[in-house]
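There are structures below to look over.
The two complexes that follow have chain A in common; it is paired with chain B in the first and with chain C in the second.
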Partner chain A sequence: MTSVLSTAERSEQDTAGTQVPKQPSKHWTTAFAFAAGLVILIATGTLQISWSDLPAVPGQVWHYLQLMFASPDWSRLPRALFEMWRSISMAWIGAILCVLVSIPLGMLAALGVGPRWLRIPLRMIFAVIRAFPEVIIAIILLTVTGLTPFTGALALAISGVGQQSKWVYETIESLPKGTTEAVRAAGGNVAEVTRWALWPAAAPSLISFALYRFEINIRTSAVLGLIGAGGVGSMLANYTNYREWPTVGMLLIVVVVVTMLIDAVSGAIRRRIMEGGRARAVATNV
Partner chain B sequence: MHTENQSPQTVNVAGSASWQVELDHVSVTYPNGTRALSDVSLRIEPGEMVSIIGLSGSGKSTLIRTINGLVAATQGVVTVGPHQVNALSGRALRDVRGQIGMIFQGFNLAERTDVLHNVLVGRFAHLPLWRTLLDLPTKHDRNIALGALDSVGILETVWTRAGALSGGQKQRVAIARALSQEPSVMLADEPVASLDPPTSHAVMGDLRRINQQYGLTVLINLHLIDLAKQYTTRLIGLRDGRLVYDGPVQNATDKDFEEVYGRPIQARDLLGN
Partner chain C sequence: MTTTTALTDTTDDIAARIPPKSRQLWRTLVGISALLLFTIATTIPAIGGINIDLASIVHNWHNGYSKMLQMLQPNFDFLPRTWRPMVETLQMALVGAAASAVVSISLTLWAAKPTNPDGLTRSIVRTMINVIRAVPDLVYATVLVAMVGVGALPGVLTLFLFNIGIVVKLVSEAIDSADHSYMEAGRAAGGTQTQINRSTALAQTWPLFANQWLYTLELNVRISAILGIVGAGGIGRLLDERRAFYAYSDVSIIILEILVVVIAIELLSNFIRKRLV
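The block that comes next holds the complex of A and B.
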């Protein structure tokens, strides 16, 4: 109690003796909150949502869940697993192509590595690619290559390059500058700095991002199947059209279980990479 | 692949002539407008052991970086050995940097890379690019790196990841990296500021030995007065980017240090023990 009192007394003395800095204005924060609220109001107003249907939604969801999962039809499981495997292959090839392109391009786009005349256009290309959804890129590719799983892999690779390259250059730019300075001080050029200062420090993150790209692609490849790129997504789209709910239910179970399994395994590998499993402790402190 | 029969080679630092360092009316203004150095002129003879003291922000780091061109002098002339550093760029500047060893407060090693490859960085200026990029150093370069490690007494750590070493060991790897350049000048930017007192003395002892054994010109940034007095022979004092003291260490009085620091000397200006 006494300590609280004395603190209060001291702070009173402080404010009496010294000038407390003025609190920064909060007008902008308030204005921003109002603007955000206004945007939400306008958005809901223009969508013409029939709010009266809302109470019926849970019942509808329950109805279809029962149709799908009350007694899933397992007779097409082998076919479903085969199509799932095709989706995984698509995701894997797409991830490898994407990473092989985005690591060198992303590094060239990093501040301090690539020259300015290359850096700016590269970043603009990445931004444009990021603006295209995978499905749009796949539809454009379909007209060129036709309906094959490779189209899906290619679409995944191209659409991933925008985000993946951005991760690469942001990783490179966020590295501590010390090692770079040391290599430059020893007479190293940009290539040597990249090889011996940036790459060793960034490699675990970049490999982890590559696995993460694979995880994303697994999920996205199901969506690409909807437009006919093959794999489990195509099968899912077909049976939804035929309204064969028990088969749809089985397919959803396969997709969710396999995706979660791959996420778990890949996540465990990524953690191990980032934490550096084989760090060797060294004996004596000289 | 890594042959066992190779033996560490004595670092041939003495073979390369020690260089003088000369600054003639050097000023540095950073792009953000900070004036880090103002009209500094000094001349350091080959083989001198010099400490540069001053508070943080006094321009010590900038001064030492103008010498190998990591920071460009905005005015004045920087001469190192036969080279006018401030007039060089690109390949020529990298070649001169290859002749100037440097160690840092934060060691600046590639933490996830083994000690040998950290030390081999010191050979970059002597190797063609394809050899450094493909990790194919010559046996000669590898032996120089091993010799440099041996000379600082940590040859046994050669295959250890640099990140797994203690602070003192890391700074010795950094010294070995600089030595393997077979340099003509050695720069050290606050080399012991991240180390405990006994390790600080060990690293300062290494630097003094390099100076005495090879006759190498050594410049060390320090903020601890007793270390400067004990290990170096000449003192340069910086305050707000200006040269305020330059003379032999034994002539420097407490009053001189107070002039450099702009305040009375305190316990934290000394390492102690």
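The block that comes next holds the complex of A and C.
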């Protein structure tokens, strides 16, 4: 009986039997891809770039790279290291100030620590600071306080508070609730919960985030130097304006090597801290 | 009686299981003093540290007060003049993200271990990416402006380099840490590494890529807004120009506009991300 079924009926039966789901419609994806492609093409076409010059660009860049790195001018290395230390100092002081402000504020903004009327405005302030590009905050601040490395450090501190505080309250909120409940059951108030339950568990992550802030600041402090806050960025901007390419090459090498070194050291310390933190968490779980 | 023994048992048990706490006082002391020394060294101006000078800030504050007042009164009449530079900023962001997206695919597959078992080429690509990432964005822009001239081109090139660093690092690390049983299947079927990458790894990591590309687009809008400060085109150039003229009410309207655009792009990108991933 089944063998006499028409092919149409049989295929109908097959689809019903094996339950092959229908291919999802790809019309929207295709339409979206086309729209995105079109927008990109229009943006590329109308951008004020003489595209005919583009083939010459690699040659040009290669020419300048040779000028910079064929024989970097090492005679100004002491000055460069001096300025690099200034940038590092800016980054470090900025990181310390940022962390000192953001740990208490971030904790107050964490669910279960601060009261609701404080938590919500604090989070809104953090969000607004995060939305600003760092350099814009620096420009606003530096017009008020003047262009010195110290104000550069202040700019780094303030522009970092938004993100850093967010990390703090997210860390606090993601902690296991057991210790908090234990302290509360023993009659502890919010301050005691913070001191004996939250801080010991969160400290490794918070210190790790603090070091990460320092790494970020190293890059941003060079950028602040470009707009005049001093440090290696200012030196780089000056020598680029003079078109002293061998010195620019030397400065770039210094920036890259020092940045990578600090990343490596700071990364190693962070891993060490986090592993210590993990061992302690295991011990408290027992 | 039995309960007490049980209790002592468990405490003994716990005591046995907890590793001895390292109470090395000198270690803590060395750590803290190293930290203090480093901090002190960063505040000695003679060796390049920064001069913590609160008095000059107080002094400057009177100076800055009037500027601040001006900034609090944004000049909305200036807004029409900002449209064209703002559009250029968005264009730079989009073109830079798109160009780096195209290049990032092959570089990422080169930089991840499962997709490139060859140690030599992998470490070459990774070192290159690390060097690219160690140079801050505005430093690229400054040098590139001096190389290829003022305008949108150095801006796009800066964003391109910056984005490649981010996408290749984040996606290749994600590929490294994921489980790759599906690649075994490709290998078992006798595919070459390129074929395996194309038909399994690429299909599997596509959402990661899409996610990072959107993220770079968001970052690009923020960065391209300030690239103009060093001459790389976009709204930043206008911002720097108005600042040089001490037109702080114009500066504040530009900053407000940047803020609105940055938030709008973030919302848009979140919307697309939810649809896509």
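By our rule, the second predicted complex is superposed on the first by the 219 of 286 C-alpha atoms of A that agree within 3 Å, B and C clash if a C-alpha of one lies under 4 Å from a C-alpha of the other, contacts with A are read in each partner's own complex, and residues count from 1 in each chain.
Everything that follows uses one rule, which is that a contact is a pair of C-beta atoms (placed from the backbone, for glycine too) under 8 Å apart; a residue touches a chain by one contact, two chains touch by 3 or more.
Quick caveat: nothing in here was measured; it's all calculated off a predicted structure.
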| item | value |
| --- | --- |
| First (chain B), second (chain C), both or neither touched by A:Ile125 | neither |
| First (chain B), second (chain C), both or neither touched by A:Thr151 | second |
| Touching partner for A:Ala185 - first (chain B), second (chain C), both, neither | first |
| Per-residue touch tally on chain A - higher for chain B or for chain C | C |
| Contacts of A:Leu226 with chain B and chain C, given as first, second, both or neither | second |
| First (chain B), second (chain C), both or neither touched by A:Phe82 | second |
| First (chain B), second (chain C), both or neither touched by A:Arg195 | first |
| First (chain B), second (chain C), both or neither touched by A:Ile253 | neither |
| Chain B versus chain C as contact partner of A:Ile207, first or second or both or neither | neither |
| Touching both chain C and chain B, counted on chain A across the two superposed complexes | 279, 286 |
| Chain B - residues contacting chain A, complex | 68, 70, 94-102, 104, 106-113, 117, 121-122, 124-125, 129, 132-133, 153-154, 157, 160-161, 163-166, 168-169, 172, 174, 177-178, 181, 187, 199, 202 |
| Chain A residues within the chain C interface of the complex | 32, 39-40, 43-44, 46-49, 53-54, 57, 60-61, 64, 81-86, 88-90, 92-93, 96, 131-133, 135-136, 139-140, 143-146, 148-153, 219-220, 222-223, 226-227, 233, 236-237, 240-241, 243, 248, 252, 255-256, 259-260, 263, 279, 283, 286 |
| Residue numbers on chain C that touch chain A, as the complex places them | 14, 17-19, 38-39, 41-43, 47-53, 56-57, 60-61, 63-65, 67-68, 71, 88, 90-92, 94-95, 98, 130-131, 134-139, 142-144, 146-148, 151-153, 156-157, 222-223, 225-226, 229-230, 233, 239, 243, 248, 251, 255, 258-259, 262-263, 266, 275 |
| Contact set on chain A toward chain B in their complex | 176, 178-179, 181-189, 191-192, 195-197, 200-201, 203-204, 276, 279-282, 285-286 |
